[in-house]
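We just call them A, B, C and D in the order they show up, numbering each chain from 1.
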Amino acid sequence: MIIVLKPKSTKQDADEILQSISELGCKPLYMPGTERVVLGAIGDERVLGSLNLEGHPKVESVTPVLSPYKLVSREMHPHDTLVPIGPTVLVGGEKFTVIAGPCAVENEAQMLASGQAAKDAGATCLRGGAFKPRTSPHSFQGLGVQGLEILADVGRKLNMPTVTEVVDAADVETVASYADVLQVGARNMQNFRMLQELGRCSKPVILKRGMAASIQDFLLAAEYIVNEGNPNVILCERGIRTFETTMRNTLDLAAVPYIKLKTHLPVMVEPSHGTGIRDLVSPMSRAAAACGADGIMVEVHCNPAKAVSDGAQSLYPQQFSTLMKDLRIIVEAMGKSL
Amino acid sequence: MIIVLKPKSTKQDADEILQSISELGCKPLYMPGTERVVLGAIGDERVLGSLNLEGHPKVESVTPVLSPYKLVSREMHPHDTLVPIGPTVLVGGEKFTVIAGPCAVENEAQMLASGQAAKDAGATCLRGGAFKPRTSPHSFQGLGVQGLEILADVGRKLNMPTVTEVVDAADVETVASYADVLQVGARNMQNFRMLQELGRCSKPVILKRGMAASIQDFLLAAEYIVNEGNPNVILCERGIRTFETTMRNTLDLAAVPYIKLKTHLPVMVEPSHGTGIRDLVSPMSRAAAACGADGIMVEVHCNPAKAVSDGAQSLYPQQFSTLMKDLRIIVEAMGKSL
Amino acid sequence: MIIVLKPKSTKQDADEILQSISELGCKPLYMPGTERVVLGAIGDERVLGSLNLEGHPKVESVTPVLSPYKLVSREMHPHDTLVPIGPTVLVGGEKFTVIAGPCAVENEAQMLASGQAAKDAGATCLRGGAFKPRTSPHSFQGLGVQGLEILADVGRKLNMPTVTEVVDAADVETVASYADVLQVGARNMQNFRMLQELGRCSKPVILKRGMAASIQDFLLAAEYIVNEGNPNVILCERGIRTFETTMRNTLDLAAVPYIKLKTHLPVMVEPSHGTGIRDLVSPMSRAAAACGADGIMVEVHCNPAKAVSDGAQSLYPQQFSTLMKDLRIIVEAMGKSL
Amino acid sequence: MIIVLKPKSTKQDADEILQSISELGCKPLYMPGTERVVLGAIGDERVLGSLNLEGHPKVESVTPVLSPYKLVSREMHPHDTLVPIGPTVLVGGEKFTVIAGPCAVENEAQMLASGQAAKDAGATCLRGGAFKPRTSPHSFQGLGVQGLEILADVGRKLNMPTVTEVVDAADVETVASYADVLQVGARNMQNFRMLQELGRCSKPVILKRGMAASIQDFLLAAEYIVNEGNPNVILCERGIRTFETTMRNTLDLAAVPYIKLKTHLPVMVEPSHGTGIRDLVSPMSRAAAACGADGIMVEVHCNPAKAVSDGAQSLYPQQFSTLMKDLRIIVEAMGKSL
């Protein structure tokens, strides 16, 4: 940790801070310069954080040297983590994972038709939302437990593991009893109580990046889950909120290779919310494969024009089928397989 | 609602959409132009939303004419809502409300010293966090129920109503049994399940704006609470996340007069998180008063250099006292009183 | 154009506005609703813009139906524009264009070594900056005309057309006398006087997207150039500025397929500035190819550790060579060739 | 300057870098930690910048300790700079400066009526644009030199110094021959060639913050002007571009007190572009005064409904007059005068 003191700080100011560093068992360093005094503290920065030096009246800035996440850091754990979904799917290895299905579970027929289309084209996991976090209280909020039942039933029929969103810590156990993977939506990425509950759950978790989450925030949210004992976390880039509002979000695709440098967890991409525009879903799925993502999660609906939510970004079955063909070529060019 | 069709849409495409509008009991309009066909739909746009026209393959764009929030809209309810806090404080009227106290409840002595300083300088409500949503799982997470007890106890001793954060739907009842106002933090602004629970609670709510929340998202989050039956919502601008990272957040102060045009709910400002820098808290508090805010919520700590969280943005008691003097002049210039 | 009037506007207010629309030779529409009066204006929205209805005291909002750019719009000109660079390169067709070279021209030896490495690996055009727009006046500002001479000389030796930046309207003629393509940097994307000068120049232009430029702003900047008579504009996505500061910029790769829907101009990607991190340049170059870009512009330096600018994002020759091999597979998977 | 090496860097890597620091005449520091080696360099960081250590393959990060701007820094020059405008106005002292007038010079009558209204209400300087940088080439581009003549003429008649925008380095001399202050618009804040030209000009400059400019970028742009010899720079916060698009820009008002901590130059606020909404101009003008700004620049038009540009954000004369009355109370509360 590097601590820069304000101009006109005295040697005594420096000594007091250096002593508090020593008292924590860390090694203090004193580096007086011509315009500023710089202090260093060598040791566990999580411990040093308890000094709250940012609040000290003589401190101008505090710059950590080490990353604040440890459990999810590639430095501590150099090998890729592979996350199993159901008995057959393994995310993070040689297979590029495709999770597909409608935004919301609407009814059995819609789920079955959409799921069958997804499966026929080559998707290996089925998604569908039963609890829908909607910006307006006047929008469709999902079918709840009935939706979970439909999703699980269709998953069994199609022999596809299922992915669905959980929106409250109190629901984790229930959702885990129906679905194979629990998804944390962007709006709940920092619902820390729910993350802790997911950390105590035995099912894998797909953690979507929050709309305003820095990469560090994102990895620290994953750290919350792993810290409670659940190592099976899949990160999912789904776009951030920027001044560019032509698209629903700005898909931060460069975050994929960057995050993979920093963590051993697998990283997927969700181009449907990431762009919000149907015509962009296929190009950005290909780009995700080309930059090293471990898979995609994509919205496919048997009849997007009638979808109760997110129709504008859902692929038609025929489009998804074409995407899968194009994707296969890119994925193989990257040395993986679908 | 204005619907623009894609180029080369046919009269039949338009007719189908117009008919679906009619079937919902709304009035359809047909406006063919030289380059685009534009359709209109007059009626309740919440109902029209169920058509999900955004997902229609012939639709280029859908622009609502009316705001999606109704209950919190000033149009529906022109007069200012006054929200009572405890028996003596009324937010939204002629009094400018000042809520002060430390970021986190650390112990009885710290709360009492900080609260006394806040009270002496003229604050009318006491804040302190017992449940702390922290970006890292390795940071101090708050004292929990013990913190609620200390806060309530100090509030009683100082005869100040208390404000504290709630971070999970399951905690709403417990927190409401200790505190006078429940605060929703920025990270939970779209924790819709918790908002609904707060809507069924009898205590007033301070809803902080999310870091990536548009003003419309913010008002729709308030709509969630009011929609469940709790009319006592205070909005709180606390900064948004932008490219400018010199300050912790970008305090969107112009949102205050804008929001007050759109809603009848009171609006406060939180300059501590809004800037993250102690020296900016007082100027931005004055600015908040000058642009029409109904109050401020500010972090004051008896010893910021030792604060366990947010020390860098907490005022020293003496600074807060000076702020209150300066604020009084601005507040009175605005025709209100402290 | 759709005009929504404020609540309580009268029929007379509407009539006045409708008449002003008629007087411009456009067709007015009157659509009274239950809560708002909506007006329509059918005709050339550039003409309607002269009414400045946004400033009218009774107008709540004005929403254009048509795009404000015409010359660069794919609607007006459905076929892809191919832009020639020098005698042999054609951007926008079946060939994926790779422009490579150092950020700045430092001296003859550095340009020749870097250019040779770029050429050996398969790049077809050579880049190098002689006029460097630097954030600080205390940073290296480029060699100026001497740099243009070196670049032109090395281009001739290697038989590669050259690309270099122009930073002032007054320099356009000079730069055009040395280089084959004139590049507009992000900071000058809305230097309209320079865009107009480039529109009167006979050399093609690479227009980089501004850090805060919406896609519409970007296309309107291109419209400035085309409007003056130069049809040979290549758009270049190079990242936008967002709250995520881990990377130098946020590469908005989804903008590539989106822009290609809206315009007939070719679109390239610049992953060096777009990420600012050497290890991300290759993955994002592959992703650019996979999502449909017409080429990339990438920084390659014979010795990045000694580069006078942007060393952290410059590829080593060996890395660039590996990138070109990987890129070839992706480009061919997309049905194009290098 | 603090340099963090990548994991697995050797002592030899460190030694090489330390030696290069020594060779520049700076003092090197070696601080090996448990997980990282940290190096320090004490001396002029502008000189150290020439090492381009960011590009070094063994370097993980480089953090400057000192600010990159010197001439505009308050540390180097603790006292407030006062900038004279014409013979009577002094910006940055005890007087709060109000510059008012229409967005664009349209004709003599409009300028005279608008200027008279501004003067009557108490504005001391007159603004009006002759060269208008417009997003679209199809929008009104200003009257050019004819506009400069009208502005100068009206300024003489009303005995008000004049402020107008310059958009190209080649125009600096011409504009300076007509106007008392030259304004740099947000889009040209990093038109470095023009900044240098303004640095060689004898008239004061109002430098508006770019839409994507960090505060550091902003101060470095000012440094460009001062570095060429012109000390009379007034900074102007006018809003930045964020995800919140309800308002035209996000007025970053907290930047005002922050910038005043860092620089000795005066800081004004432009709430017209900063919000884009007429009803927000007065509240944000008051807020600007309350947080310590040295003045405001505000758009006032004799007939906003007919303005050729920015009518939606221009005040009516009566509104401006009311604003001036309210502002006086706030300004006096701050210990200054109008």
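The rule we apply is simple: a residue touches a chain if its C-beta (ideal position, glycine included) is under 8 Å from a C-beta of that chain, and two chains touch if they have at least 3 such contacts.
Only a predicted model underlies this, so the values are computations on that prediction, with no experimental measurement involved.
S.K.: Taking contact as defined at the start, I'd like the list of chains shared as neighbours by subunit A and subunit B.
M.R.: Touching subunit A and subunit B alike, sorted by label: C, D.
S.K.: Centre to centre, using CA atoms, which chain is the farthest one from subunit A?
M.R.: Relative to subunit A, the chain whose C-alpha centre sits farthest away is D.
S.K.: CA centre of subunit C versus CA centre of subunit D: separation in Å?
M.R.: So the centroids are 26 Å from each other.
S.K.: Whole-Å distance, subunit B centre to subunit D centre, using C-alpha means?
M.R.: The answer is 31 Å.
S.K.: So how far apart, in whole Å, are subunit B and subunit C when each is placed at the average of its C-alpha atoms?
M.R.: Comparing mean C-alpha positions, subunit C is 39 Å from subunit B.
S.K.: Find every residue in subunit B that makes contact with two or more other chains and list them.
M.R.: 212, 216, 240-243, 245, in rising order.
S.K.: Quick check on the complex: what are the subunit A residues that touch subunit B?
M.R.: Residues in contact with subunit B: 46, 49-50, 52, 54-57, 68-70, 133-140, 167-170, 187-188, 190-194, 196, 210-212, 216-217, 220, 223-224, 227, 240-241, 304-314.
S.K.: Would you tell me which residues of subunit D are touching subunit B in their complex?
M.R.: 212, 214-216, 240, 242-247, 250-258, 261, 271, 274-275, 277, 279-280, 283-284, 286-292, 326, 329-330, 333-334
S.K.: Sort out for me which residues of subunit B touch subunit C in the complex.
M.R.: 2, 4, 7, 27, 29, 31, 33-36, 38, 40, 42-43, 63, 65-66, 75, 241-243, 245
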